[in-house]
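Here subunit A shows up in two complexes: once beside subunit B, once beside subunit C.
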Partner chain A sequence: MITLYDYELSGNCYKLRLLMSILGIDHKTVPVDFYPGREHKSEWFLKLNPLGQLPVIDDDGLVLRDAQAILVYLASKYDPSGTWYPRENPALLGEISQWLAFADGITGTASAARLHDALFYDFDIDAARAGAHRLFRILDEHLWFVEQEGRQWICSAPQPTIADIACFPYIMLSEEGGISRQDYPAIRRWCDRVKRIKGFIVMSGVFPAGPARAAA
Partner chain B sequence: MLEAARSQWHPIAAAHDLPFRHVFHGQLLGREFAVWRADDGYINIWENRCLHRGVRLSIGINDGRELKCQYHGWRYSNRTAGCTYIPAHPADAPARTITNRTFPAVERYGLVWSSEEPLGEVPDVAGLAEGKLLALRGIPVNAPADKVVEKLKAYRFQPTGAIDGNGAEIAVEAAQDFAVALRSRAGAAETVGVFFVQPVDSNRSVIRGVLDQDAEGAARIAILRHHNERLSKLRDEVERDVANAPAPAPIEPIYERVSAELAEMPELTAHGRKAALRVAVARKWRTADGIAGFELRPVKGILPTFQPGAHIDVHMPNGEIRQYSITNGPGETGSFTIGVKLEPDSKGGSKCMHETVREGDVLAISEPRNNFPLRRDAIKTIFVAGGIGITPLLAMAQALKNQELTHELHYFAQGEQHLAFADRLAELGDALKPHLGLSPDATGAELRRVLAEYRNGMHLYICGPGPMLEAARRIAAEQGWPDSAVHFEYFKNTNKIDDSSSFEVALARSCVTLQVPAGKTILQVMRESGIDVPSSCEQGACGTCVATVIEGEPDHQDVYLNDAERKAGTKIMTCVSRAKSARLVLDI
Partner chain C sequence: MTKCTDSVVLNLWHPVGAIAETVPGAVQQTVLLEERLSFSVGADGEPVVWRSRPDLRRADQIAAADRLPAKSVYGYVWTSLGSPPADLFPIPEYAEPDRRRLNAATFGVNVSAPRAIENFLDMGHFPYVHTDILGAEPHTEVKEYDVEISVDRDEILATRCRFFQPMASTASEGGADVDYVYRVPHPYCSVLYKSSPVDAARRDVIAIFLQPVDQEHVRAHMLLCVLDENSEDKVIKRFQQTIFGQDKPILENQVPKRLPLDPRAETPIRADKSAIAYRRWLSQKGVTYGVIPAAA
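Let's look at the complex of A and B:
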């Protein structure tokens, strides 16, 4: 059984809960008091992850840190369809890795802005917001052409991949850091599509979408 | 310039920004919009705030017919923006004043246009013919519109036929406050591009370009990328130019309170029954044996919001007034569809509708009124319809179907040929359970089966002929359905009205005391004294003239109230009911 060291309001923990829900992976969670308790810097947690960061999983003794790394692991091991992280397709794996790194960039900007506004972190808020807008412009442009070329997801596969899951949470929570998505209509439409993936779950600040229109 | 811009049309989105079941977040001159396309294709442009708590409707849910706010689930109808349901008040019909502000929407040149207070129509753009255009990706720019327009005059691009070349000749064909038209020429290739600049706010704009020719496949993508790249570069330059200048203050949009039209009190009329709307009979057809369907379209403007269960008064050419339920599904607001059964002993109502009223005729109708509201919080809803009693229940079943809420519609009729509105029924799928050609006894047995398993949280709605309705109510009560879960609507009140009593009525809020003599109703006496009270059927069936009783014992003669409500004695139908006590005090 997988144990997820979890903080309810963390977008990086949520992306693991989200993928596990979509893939139907049974797991339990251990809540870590990230705020205000700073339990992720406590002695017992630093033994699990010396970086002092959430999330961490323990899968029968295999302890892994880093949200993007854990997505790779979970999809590789537990997705029988093999579409979320298609190990046989090098080009697609390259694409996915590229957007996983992009998701880290979103964490470093949009999530940082949210930590500043909501949990009083001492960050350069203007730089964080400007950085998030720079990334969102790139992603919106990418997704607009994705639509124009008749596709739906961040990578060029016909199905969603872990790249979509990795980018989604802190985009969806960006307004909690004062970053409006009004100028990114293609991102907003893609968010609707992610919310309609079977098994989708929400977290605080992430609202569900209604059903898609039935094919006529 | 921005002041004059309020009366002009501006693009606020591209047509491709509005897929079905999505809500686009738009803005024009500082005012935010929630923009959504309903399943019938209608584009709604609304003030971006829920009337309840001000939450942005752009994060709401577009269910194809209604927009639902994410915060407390208030639902607003396609087209009218009127509230149709408030989850915290599941048994009540929302007031008509709960209507969001709407803005005009026109789809043209691959763009969606709107305006705060438009003068005239969307302008014709020289050089752009409908049909074979290419709308470019909109480019948001953090700069004032005039700065963007200035920069666009020097925009350089390759014509569509020579996209890989360089050094095309550019001529400015036209330039206005919010648009620049450019012609690009390279050899024989020639393309006109019109670049509209949407003034989002004092310091924000969107460039919305349209080319005069479309392309296919890879060539199309190459053109889109060509412009995206060059317009993005132009954006970066404008943003750099304005970065050092102080940003102008954002525009403060003016929020209307309730619109003037909704806020005003309706006019007083002599008989008290109002018919403020004019509709034309767009279609009249035989929808079942002895039942005519009428599709009523507004002569001008749009129809007001209706909720499932609502009825309208139809004022007929012969002077008669009758009530008919609206059969429409949710969000279907372009016309009202009603069903009229020809009554063999018609006193002029159904006969006139069947024989005199024709397609194209104009009728006066009242605003929709809902005295038969539908809860949308039941764990399961059962509808029991008898004959023409299908009409309000059909509207209700369509609403639940759209929200995927559990329901069954039991439709009792003499035969297949008596089932009305077959197209609407077909859309209900398995939820529709027809019961055909049953005798009264067999109907009773079937009702006993249908109503057998009451569980807490279920609700029952009945409409049909008197005897069947009585039987269904009785059977429901016998099988454990509480009064509060059984909702019904009679066609008419067949009780013999005893109007022999005389008594005193005190109207507490109006500070008036009136004498009601034998032979006159409370409603008549109030009207004679200049007190305007809404009414509709005026025979104790529809519930429009209900009043709250503060003191005294009512003598109920209506068929609207249920037994529990009658016993409680706190409500009275002023059109037929009277007083057992010498004095009644009403909250009017």
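Let's look at the complex of A and C:
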């Protein structure tokens, strides 16, 4: 059984809860008092992850850290359809890795802005917001072309991949860091598509999609 | 924005930080009513608060004349930029020895303090915002309840509030009709009493103390004072943080950010009785900070 070391308000933890819900992976949760308790810097937690970061999973003794790495592991091991991380398709794996790294960039900017505003982290807020807008602009353009080509998801596959899961949370929570999504219509349409994936769940700060518009 | 000139608000006690989150002797910086403040809690538990100055780095350097009024109450440091009353409003339950007393968290929120109080008083949003925790469809009706402005205690009291809650607290074992009492004993603080799942004769106490950073930003301090012998501290905190995290985007998207006190500015429904009383009470007190006062 998988154990997830989890903080409710963490977008990186939510990525894993979300994929596990979509794939129907049973797991148990160990809450970590990230804030205000800073339990991720406690002695017991640093033994699990010397970087002192969430999330961490323990799958029958295999301990993994880093949200993106764990998405790769979970999809590789537990997705019978093989579409979330298609191991037989090198080009697609390259694309997925590219956008997983992009998701890390979103964490370094949009998530940092949110930590500054809500949890009083001492970050350069202007740099964090500007960095997030730069990434959002790139993703918005990318998704616009995706739609023009008749596709729906970040990577060139007919189904969503873990790249969509990795990018979604901190985009969806960006307004808590003072980063509006008003100017990114393709991102907003893509967020609604993610919310309609079967098995989608919310976290605090993320609301479900409204009812789909009836066909005209 | 100009600094606060509202004498009612200047003369109040305001929370600036949770004592559980301080290290004895360490100095923390914060902002209250657009003024930069420093505070520190000694090993004896006594807080010292002062207006931040580069030459003043430790509490023992602060001359008596430079110290702001300071109090340690309900697990938080309180201060005032004016002449505060001798005592803060009472929460007698805080002294009961079998209660768990925790700071659930202090969160920065892009909202005015009065808007946040109004949301705290509102039961109508439970099924939609706190789905499957504090409410669930089809149990959406806010039943009739009573509101009074208590003149001798100078606070608002909403009683006989009832709501069906699927998971009212960490100690809940299933859905139940939960009784609520709300108090607003301070323009920026509210105290909620709700039925305890473990003792039918007593109530859990959850308080929200808002530190106005400026007219449109707060630090929200959440006090839990609950009956629960089994859950770990972090599980109790997590429950409350989950709820507050659900409210946060709602609070931050309120327009206008300051609370309009003109009765014609926004259209209330019957469920908003406590909010109407709250707005009227703020008007009667002459509060202008964080609100849009009614035209004279």
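One rule holds for everything that comes next: the second predicted complex is superposed on the first by the 210 of 216 C-alpha atoms of A that agree within 3 Å, B and C clash if a C-alpha of one lies under 4 Å from a C-alpha of the other, contacts with A are read in each partner's own complex, and residues count from 1 in each chain.
Methods note: a contact is a pair of C-beta atoms (placed from the backbone, for glycine too) under 8 Å apart; a residue touches a chain by one contact, two chains touch by 3 or more.
Just so you know, these numbers come straight off a predicted model, no measurement behind them.
Novice: Pick one for A:117: touches subunit B only (first), subunit C only (second), both, or neither.
Specialist: Only subunit C; A:117 stays clear of subunit B.
Novice: Thinking of the overlay built on chain A, is A:31 touched by subunit B (first), by subunit C (second), by both, or by neither?
Specialist: It touches subunit C, and subunit B stays clear.
Novice: In the superposed arrangement, does A:178 touch subunit B (first), subunit C (second), both or neither?
Specialist: second
Novice: Can you pull the subunit A residues that subunit B and subunit C both touch?
Specialist: 207
Novice: Under the definition above, what is the set of subunit A residues touching subunit C in their complex?
Specialist: Subunit A residues touching subunit C: 7-9, 31-33, 35-37, 39, 117-120, 175-176, 178, 203-205, 207.
Novice: Touching subunit A in the complex: which residues of subunit C?
Specialist: So the residues of subunit C in touch with subunit A come to 18, 20-21, 103, 105-110, 219, 232-235, 237-238, 241-246, 248-249, 252-253.
Novice: So in the complex, the part of subunit A that touches subunit B is made up of which residues?
Specialist: Contact set of subunit A toward subunit B: 141, 144-145, 147-149, 181-183, 185, 188-189, 192, 207-213.
Novice: Can you name the residues of subunit B that touch subunit A in the complex?
Specialist: Within the complex, subunit B contacts subunit A at residues 13, 16-17, 19-22, 24-27, 32, 39, 59, 61-64, 68, 70, 137-138, 140, 220-221, 224-225, 228, 232, 404.
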